[in-house]
Amino acid sequence: MSDLDAAIQRTREEVAKLHAELTRYGLVIWTGGNISGRVPGAELFVIKPSGVSYDELAADNMILCDLDGNVIAGTPGSERSPSSDTAAHAYVYRNMPHVGGVVHTHSTYATAWAARGEAIPCVITGMADEFGGEIPVGPFAIIGDDSIGRGIVATLDGHRSRAVLMQNHGVFTIGKDAKDAVKAAVMCEDVARTIHISRQLGDPLPIPQESIDALFDRYQNVYGQKPQGELQ
Amino acid sequence: MSDLDAAIQRTREEVAKLHAELTRYGLVIWTGGNISGRVPGAELFVIKPSGVSYDELAADNMILCDLDGNVIAGTPGSERSPSSDTAAHAYVYRNMPHVGGVVHTHSTYATAWAARGEAIPCVITGMADEFGGEIPVGPFAIIGDDSIGRGIVATLDGHRSRAVLMQNHGVFTIGKDAKDAVKAAVMCEDVARTIHISRQLGDPLPIPQESIDALFDRYQNVYGQKPQGELQ
Amino acid sequence: MSDLDAAIQRTREEVAKLHAELTRYGLVIWTGGNISGRVPGAELFVIKPSGVSYDELAADNMILCDLDGNVIAGTPGSERSPSSDTAAHAYVYRNMPHVGGVVHTHSTYATAWAARGEAIPCVITGMADEFGGEIPVGPFAIIGDDSIGRGIVATLDGHRSRAVLMQNHGVFTIGKDAKDAVKAAVMCEDVARTIHISRQLGDPLPIPQESIDALFDRYQNVYGQKPQGELQ
Amino acid sequence: MSDLDAAIQRTREEVAKLHAELTRYGLVIWTGGNISGRVPGAELFVIKPSGVSYDELAADNMILCDLDGNVIAGTPGSERSPSSDTAAHAYVYRNMPHVGGVVHTHSTYATAWAARGEAIPCVITGMADEFGGEIPVGPFAIIGDDSIGRGIVATLDGHRSRAVLMQNHGVFTIGKDAKDAVKAAVMCEDVARTIHISRQLGDPLPIPQESIDALFDRYQNVYGQKPQGELQ
């Protein structure tokens, strides 16, 4: 097996396995939601097929695409259609070279903020660690062309947050690899829920900007000797 | 085994197995809720028995009924009573020939909207995809005659939505087959919950009608090459 | 084995096994909550031991008590203390001879109503079926004498409801046997949750009293040929 | 094996195993949260490693530290970093000699109260039993020096509560051993949730101070013949 084939196979296995985290944390229902991962060192990414039950996802039915979102013919899984969000994932990989993983869900609390078009304010220290400030809102965009991908990139490019709430839609997260993007999706729903609940009975106390900066900086740097997706 | 017997057996197996989706997604408790499926090519449907634990449901204790809701004597399971909602299911099958599956639950958030007699507004794109607009409210109706069935049909006939909130009661969903109706029940509770939570802290942003139409149309047509219950 | 010994053993097995329903439906945490069942034909009941993990409950560590709540020495489990709520259970069995099972939990939504001292209004048909009207509130009572038992009996005697919200405390349910009381506990939390959520965004529509009466009557009588705990 | 080695091994096993209670009750996500336990009779404690999945925690990857939070070199797990909250745990052990276990989580409802900087009022009897009054709020403190530990000790020293809500952060609990601290974490989230929900629809009724005192006293003393972590 060539190095490229080995990298593709490892990415297939990782992306397939990570989907279990979406069901474990209740971020998805039925066949909704999707994860993709860039193949290291190649202009390729691996993504969930469309309409396959979470119980049946496996390395061999993940779908290999180029960075325009075209399925690579003749590869395992290529007889199926990739996720209907493939164009958005591809747009992100083409335009954000440091991104190695993308996740999309309609997780309940994040989508509730998205339906109001309201950013999640950074009022808990774990959110400062992970997102470095608020989780922003991206534009209303219809599926089917590049408009979702453009909205994600326009909102997240240069932003500390690895999560964006797409208005009236759901959440997209990015990461240095697929696991990091999944962690961002899990953390995003957690802070969306906690801060929603906090606000139901009053106004959460703000965290001073310099404390947010210190927390984010420490989390990115002091812990820098380890893979970021593994902290705590 | 005749073709009819084989179709009955397949429907029994599918209907029995689908009940696990109701417990997986927390839509039912105790012995509540029920799923039925029309036997393709026959004037028959298969429905859950009354008062049997979800742990014990199996193809052989599903109950075969004619379209008036009468149990077919001498068939497996016929020694038990069918679901107390059988008359409502039968009414739907008699009056909506394109319907192949019916599901009833008291799922929490859908029933909360139903208790206020309030339709769920279409403010998230996934709801536009799946339901094509609001999920409507049907009349207050007492169990025991055709009034529930009539209310379901009067509300859903000609409506894009496959789900109806029966006032002060719970939710009924229909589909082209039992799986499709189960998907509608799962999605209905999901949007009922997400939009409830969104509205707790303000007003969700509306989606323009033309965008709702475009999303619904695309979901029904562009994806038309695949079984509808399998999308995403 | 005598008939009495056999009845005791069956009750031990049933009571032990039913505790799994409390964890399945999330009604209890840690070692909280308890179920008891009257031994048919005897002045005895079986109850959960104090402070044993739900993972370890078994027929042999259930505790046999007389109707004053005294542990029957020399029987399996008698080396342990029975539930700290044993006096309340005993009081119910002494004063409500038709009661064959008692359940106590601090389930979240029922306890939230209890903390406000507010009865749960009957605004969903499934609640009319099961409880025949509102779920009432009992008095504030301190553990350690008969005051909890007296409060339960004073509130439920002659009431249609099999559940009572003890003010600032939690919920007690009764039934013709332990399974029926467990069903009442599961249904009580379900309606407490659904109606709470409904009221968060407005006022649920009332159900006319004559419809509540018709639903309750039908559920008790039309379905009377079957064990009540088995309906739906 | 020396007595000390045996005590260390038992503590490793207990602390590793108790982490499953945090996931069972949904108090933690991803690799967040941590439990530590003091080694009886030694100036040592055992704590969760940083960034290891809950699925992989085992006695051998728990980390042994001295009371300044330094990892004991050459012991199992010492090649990894301990939890990033180790300094806070160590501060508690140094300054509260009766404490044998410490737990930290960002559990949803407790953190929601913490984000508002609001103590949880004691309005349910189970909370009076367990915490003897309100659950207090500790100061806003940044990770990385002793400020979190100082805040915990300053708030809980002399307080009946074994739980403190650290402002904008999460919850820390203490106990006579690790299991007792885990029980406090589980109960804290439960009362945080129940009282939050109760307050959503009105004001919970207060419990008279003398009743709170009586409940707490009884729970600590009447039940004193048993390990406190085992009650109910």
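Should a chain be cited, it is by its letter among A, B, C and D, assigned in written order, with residues numbered from 1 in that chain.
One rule holds for everything that comes next: contacts are C-beta pairs under 8 Å (C-beta built on N, C-alpha and C of every residue); 3 or more make two chains touch, one makes a residue touch a chain.
Not measured: the values here are computed from a predicted model.
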| item | value |
| --- | --- |
| Shared chain contacts [subunit B and subunit D, defined touch] | A, C |
| Same-residue or different-residue interface between subunit A and subunit D, half as cut-off | different |
| Separation of mean Cα positions, subunit C and subunit B [Å, integer] | 32 |
| Rounded Å distance, subunit A centre to subunit C centre (Cα mean) | 45 |
| For subunit C, residues contacting two or more additional chains | 200 |
| Interchain pairs in contact, sorted by label | A-B, A-D, B-C, C-D |
| For the subunit C and subunit B complex, residues of the former touching the latter | 25, 123-126, 183, 186-187, 190, 193-195, 197-198, 200-205, 207, 211, 214-215, 218, 222-223, 226-227, 230-232 |
| Of subunit B, residues touching subunit C in the complex | 29-34, 50-51, 81, 83-84, 106, 108-109, 111-118, 140, 142-144, 167-170, 196, 199-200 |
